[in-house]
Structures are given as C-alpha cells and as structure tokens.
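Should a chain be cited, it is by its letter among A, B, C, D, E and F, assigned in written order, with residues numbered from 1 in that chain.
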Amino acid sequence: MFSVTIRDHMMIAHSLRGEVFGPAQRLHGATYIVDATFRRATLDADGIVVDFARAADALRAVLSELGYRNLDAEAGLAGMNTTTEALARVVADRLADHVRAGALGDGAMELDGLVVTLHESHVAWASYERPL
Amino acid sequence: MFSVTIRDHMMIAHSLRGEVFGPAQRLHGATYIVDATFRRATLDADGIVVDFARAADALRAVLSELGYRNLDAEAGLAGMNTTTEALARVVADRLADHVRAGALGDGAMELDGLVVTLHESHVAWASYERPL
Amino acid sequence: MFSVTIRDHMMIAHSLRGEVFGPAQRLHGATYIVDATFRRATLDADGIVVDFARAADALRAVLSELGYRNLDAEAGLAGMNTTTEALARVVADRLADHVRAGALGDGAMELDGLVVTLHESHVAWASYERPL
Amino acid sequence: MFSVTIRDHMMIAHSLRGEVFGPAQRLHGATYIVDATFRRATLDADGIVVDFARAADALRAVLSELGYRNLDAEAGLAGMNTTTEALARVVADRLADHVRAGALGDGAMELDGLVVTLHESHVAWASYERPL
Amino acid sequence: MFSVTIRDHMMIAHSLRGEVFGPAQRLHGATYIVDATFRRATLDADGIVVDFARAADALRAVLSELGYRNLDAEAGLAGMNTTTEALARVVADRLADHVRAGALGDGAMELDGLVVTLHESHVAWASYERPL
Amino acid sequence: MFSVTIRDHMMIAHSLRGEVFGPAQRLHGATYIVDATFRRATLDADGIVVDFARAADALRAVLSELGYRNLDAEAGLAGMNTTTEALARVVADRLADHVRAGALGDGAMELDGLVVTLHESHVAWASYERPL
C-alpha cells in the first residue's frame, strides 16, 4: 500500500459546548496544522499516488472555506461541536467530495482512502480515516 | 475511524541485558517523548473521542510511576528488559487499566484501541498497539 | 553565555486591524507554541540558569491570562493590534514582571535577558528579545 | 503489534517524466528523510523487535547505494519514474532483501512487515507498506 | 529587538568541488528547508516587523529562481561552490535586494537585518546573517 | 556571519543535587539531542565554515565519552551538578579542545565561536555559547 501526505494549515476561532471542555467553552481559537494522506494500492502510469499539485490545491480550497473565520458563525457547521476530531472529519469529507467531483483528475478515482490529521498544538492532534 | 493523540514525556535511567545492546548494557538513561493515541469508530455526544483532560491526567499518572527513576530497581519491572518497545507496551497496558477502571469516564468504554509510541531520540522510536 | 528555554502554548481568538492583514482582519484564532528563553552569563550555585519549575509556572501563569480568550475583548490589550510579534512582547514583558517580582527566586535576579518566540504555524514565527 | 522505526537520510539528483510534474521535469534534487519501520507481533528473547544496530546498518547500506547520485543515471532504476512514492518502495523492497538474506539476524525472520516513509520536505512525504 | 521568520523550501541538484566533500563531489541534490528571519528594533504602525504576505512572496521569488534546477548549470552561480552556507548567503543577499527595491513596502526600509537558514537534512543546517 | 550546525545525540544516567530539582534528585536519565553550531565571519577556499565530516566526527567523539554512562560516576565530572546547561558547556569546551588540537583541520582555526544546545525533551533545552 502506497500513501502520499500533504501538509497545510488554517487558523480559526471557535468555542466548544459542554462542561468537559473547561476554559475552551470560551471563544478562543487554534492553528490547525493539517496533514492529508491519500492511500492507494498501486501507482498510476506516472508513478504517483495522486497529482500532488491538484491534491494540494484541493486541500487549500477546503481549508480556505474554514480558515480566518469564526466557526461558531459558519452556516455549514451549525449545531456541530467543532472539536479537533470533528473538524478532521469535515476536512476529510470535503476533500473526498473534491476527489469524487474529479478535481484531482481521473487517476484519483483509484484512491482507496484518506486520512486527515489536525495538529492543534505540539502536544495534541486528532485524525479521521475513511475509505474513498 | 477517529483518533486523538496526547504527547508527554518521562526521563529514566536503566541498563539493558544482552550482547545485542552493546554500550547500552551499561547504566545509562533516556528521555522518552510519549505519544498516546486513543481510537474510536464514532464520536461521543460531545463530539470527542475521549475527555482530553482526563486522558492527559491518566497518561501523566502512568508516566509519573516510571519517570525520574532507575528502572533497573523498579519492582514492577523486575526481570524485564526495559527496551523502548517493551516500555511502550508497559505504558499502553497501564493506560488501558486506567480506561477500564473508569478514570477516563464512561465514554472511554467505547474506545476501540490504543497506540503508545516512545521516541528515544530524533532518529529512533517504538510503538505498541492494542485493542481496548 | 548560558540560556535555558521552556516550551508551552496558548490558544486564542482575535482579529487584526489594517488592510495589510487581508483575511486575518476577520475574527479568527491561533495556537501559539511559545518558547521562553532565559539568558545568563554564569550558572548559580545549583548549576542552573533559573529554577526550571518556577520559570515554567511563571510562563504558564502569563499564558493563562491570555489563553482560551478572545483577545479583541481583553481590557489589558485594548487598542493594540495583537500580531504575533506584538504578543511576543506582551508575553516577554509580563514574564519580566514575574522575574522582578521575585516569582522565579532570588537567583533569577542575575538573569541578563529574555527571548520569547511565538510559533503561529509550522511556517511562521516571531520573537521579541529584551534585557532584564 | 510492536514496531520500531529508524530515521536516516539520503541526498539525490533526478528528474521526473510527465507533464503532471511541472518544473520537477527539470534536473533537480531532494533530501529524503527516511523512516524505516519494522513490525512484529511479539518481541524476541531480548525484548526487541529487531537488532537496532543491524537494522540501522542495513538501512544505511540501502541508502548508500542511492545517495549522492543522479538517479537518472542509475542502471538499477532505468525506465522508472523516481517519484517519492516509487523510491519508498525501492527502499522497502531492498530492505526486505536484506532481512531475507539474514543481514538483520535470525530474529528478523519473525518480522511481519515493513513501512518506509520518505519525507521530501516539511510539507510532503510518501510511504510504502509491505508484508515480510 | 523583534523578528519574524517565514519558512519555505526549494529542491535543487548540484555537485561540490573539493576533496573535503567526499561523495558529495558527485552530482546529487538537496531539499533545503529555508527560514528567512527579518529583524527590526520597533514595530511599524500596524504592529508588525514586515508585511508577511510580501515577505513570503519575495522569498518565494528568490527560491523560484534556484529551485527545480541543476545549480552547476546556473550562470548566476558560475564558479561558486554551492555549499549550504554559500547558498544561505545567496538567498539572503537576493532577499536584501528585494527589500531595497521596495518589494516589501516602505516599512521594510526600517529593517535592521536578515538571517537565512538552510536545513539540508534533520541533522545539518547552515545560516548567514547580515545587516540591511 | 556564517554558521553551520550538526545534530547528534547521547543517552545518559545521572542525578541532580539540590532541593530545587525535586524528583530529579533521584537517579534518572536523559536523551540529549545535541546541536553544535560553528560560527565564522567568512567562508574558506572550499566555500565552507568547517569540514563537516571532521566536525561531525569530533562531536561524536565528545558525545561518546559521555554517552551510555552514569554521569554520577564519571571522574571527569566529579563534584559537578550535571544539569542540561552545565553539560552544554562541557560539550562546548571539549569540542573547543578538539578544534584547538587541529582535529577539524587548519581552516577551523578561523572559527569565531561555538554554540552547543542540549534538548532534554520536546519542551526544554539549554545552550552554552563561547568564543573560539
């Protein structure tokens, strides 16, 4: 099994609902260092898992919809607790939409799965893994 | 599949038994940067894999029993070669005990598995993965 | 010249005023990985630059006043553009206040200077350096 | 499941064939930070996954055959697009050859699998995973 | 004193002349992770050291002239041994040209100095520091 | 001003004397990731700060005298509290001895200074800087 990972980041504001979050119930924010991993059993004719430039563009597009925003006010995330793990899924699912819409090229239809990891600090990170 | 990882560390002295260890047969020591990963198929009602603060406390508790000690003199590790890979299992198993004892809350009973990685330097690390 | 550095972090929301900031004029947020460096020409009788535990506590205290908050609403930062470089100075100056108030012990009076670095992502960071 | 990872690196020149590679079709180069992970279900009598020194030597030997070279001129890679993902497989397969030839000792015959990750920059890396 | 650092990278091929370089006398290559640090005694009216976006663009422009190339064939580097330390100076000097040409804005005329660090691997890097 | 940095590591056991050290008064240990920085105003005829291979060998030689040992029992460190900052000086001073003895070649006589940084964990490190 092959995989390729691309790193990018986004900076957001949000608050979390629930006593379990302690001071993070207040409006605060985070830089998420985002690693998107694309998995595939065999390489394509060019010897790659995915067109790196297109994959980076798709990741950038997904992060641009979330970054430099207050997630508490985002219609697309309404009613959701935007925890690191939940956001990892949002990024992965939106990236999967780009793959299925052909934004990463025909070769990307052969991808087997996707993992998205969001690093919220040097001591904490969360991942979501899904098939494609 | 979701996962959340918490990083902490411990500093220990020990020696290793066996010719394969060369100079590491002498009494020496290590800083282990410890990454504990908690895995779960679905998020709980708060949108999390595990209560982060409780998980960090449990990891801290496990590492406090080992840290700032000479592992060669620890009764709980008697007869064991405290290699990085063996210590990864010790940390994972003790963390699993905390989960089962309820220290991470009722939600943690839904956890599927645990991975513990011990980084002994910038060029070497070991992991142990187990179900919960 | 000796130095000792301690790493911690804080997570905040804020917005920046000025066209130069582009989308960062919107309410967003950041994780700042904070490195506080203490400098001193000679070591004290214990062979250290500063009492590490007290220094870590002082840094934690300074970051706790800022973390998990919307800096736009903080009275102590009113009228200030809370850029990474400006916040590096805020942290350094408040840490210097702790040193002068004796919170790091008598030995810390011998410190020559302080550097505070705030990493806002894996590709950008800012520092402020000052004498003590 | 246990694993042990060793990090090393190599510096190579190469060019890539195919429009998808854009400017990387020109002769350029890369430093690959290489992580080789050895997996095993149980530890051996010494409490290890693999003899660390022998594994590091085998990885060094594999990387020495590729490093400080123009891969476009390497007979062993003729006709191959030496992408990061393709090179991850080359390193993994050659390392597997060393294991099967006994270079890592008899214990290494119990290894279950191998993962090789090549980091081409701080924002991109590729992996190849295979059984042993 | 304030500073701001921006990280980017470039991938090049080259060879080094001189017995001291051993196998690096052969045509090979490197990924250089490049950190450009801008220093300034006081912040401007926006509370910044330099316009981050313009500084990042200038660094990108400098690296684009070198990246994805065989430096042995670059007219602008003819007769020069393109060691990591020498390239750090090339990048710093070219960046200084951008500053003086006004590409980073009028505020950048107040910059005191520049440091450029090129990381050639996880175990080696070189810097060049100059006034502005 | 130019500089070149080489990273290596050592693993040691020790204990610290003084109430200020809390649990670190017990016998424990550390992995020190060691960065040795060599500074020089101008490059030599080969375009380098120092012969990298010789510098790496000298650093390895210094660390080999300390690594895989219990520093409490080392005659050369008798009576010394082997704190991270004190060890940074020991490494720097011994490295300076190698430079002066000619182990890094004649060119190394032009070096202006040396900085040694010892990282004891991902959240703490200490440096010692000296002229040559």
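Going forward, a contact is a pair of C-beta atoms (placed from the backbone, for glycine too) under 8 Å apart; a residue touches a chain by one contact, two chains touch by 3 or more.
Predicted model, so just to flag it, every value in this text is computed and none were measured.
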Q. Going by the average position of its CA atoms, which chain sits the greatest distance from subunit A?
A. F
Q) Using C-alpha centroids, which chain lies at the maximum separation from subunit B? A) E
Q: Fit subunit E onto subunit F over the CA trace and report the rotation angle, somewhere between 0 and 180 degrees, nearest 5.
A: 120
Q.
Assuming a repeat means more than half of the contact pairs shared by residue number, which candidate in E-F, D-E or A-C repeats C-F?
A. E-F
Q) Would the interface of subunit C with subunit E count as same or different, where same needs over half of all numbers used to appear in both copies? A) different
Q. Where are there more C-beta contacts: B-D or A-C?
A. A-C
Q: Can you check how far apart subunit A and subunit D are, centre to centre, with Cα atoms defining each centre and the answer in Å?
A: 27
Q: Would you mind pulling out the distance in Å between where the CA atoms of subunit D average out and where those of subunit F do?
A: 31
Q: Would you kindly tell me how far, in whole Å, the mean C-alpha position of subunit E lies from that of subunit B?
A: 41
Q) Which subunit F residues sit where two or more other chains touch them? A) 7, 122-123
Q) For subunit B, which residues count as touching subunit D in their complex? A) 17-18, 20-22, 80-86, 88-89, 122-130
Q. For subunit E, which residues are in contact with subunit C within the complex?
A. 1-8, 43, 46-49, 51-53
Q) For the complex, which residues does subunit A have touching subunit C? A) 7, 9, 11-14, 23-24, 26-33, 67-70, 120-123
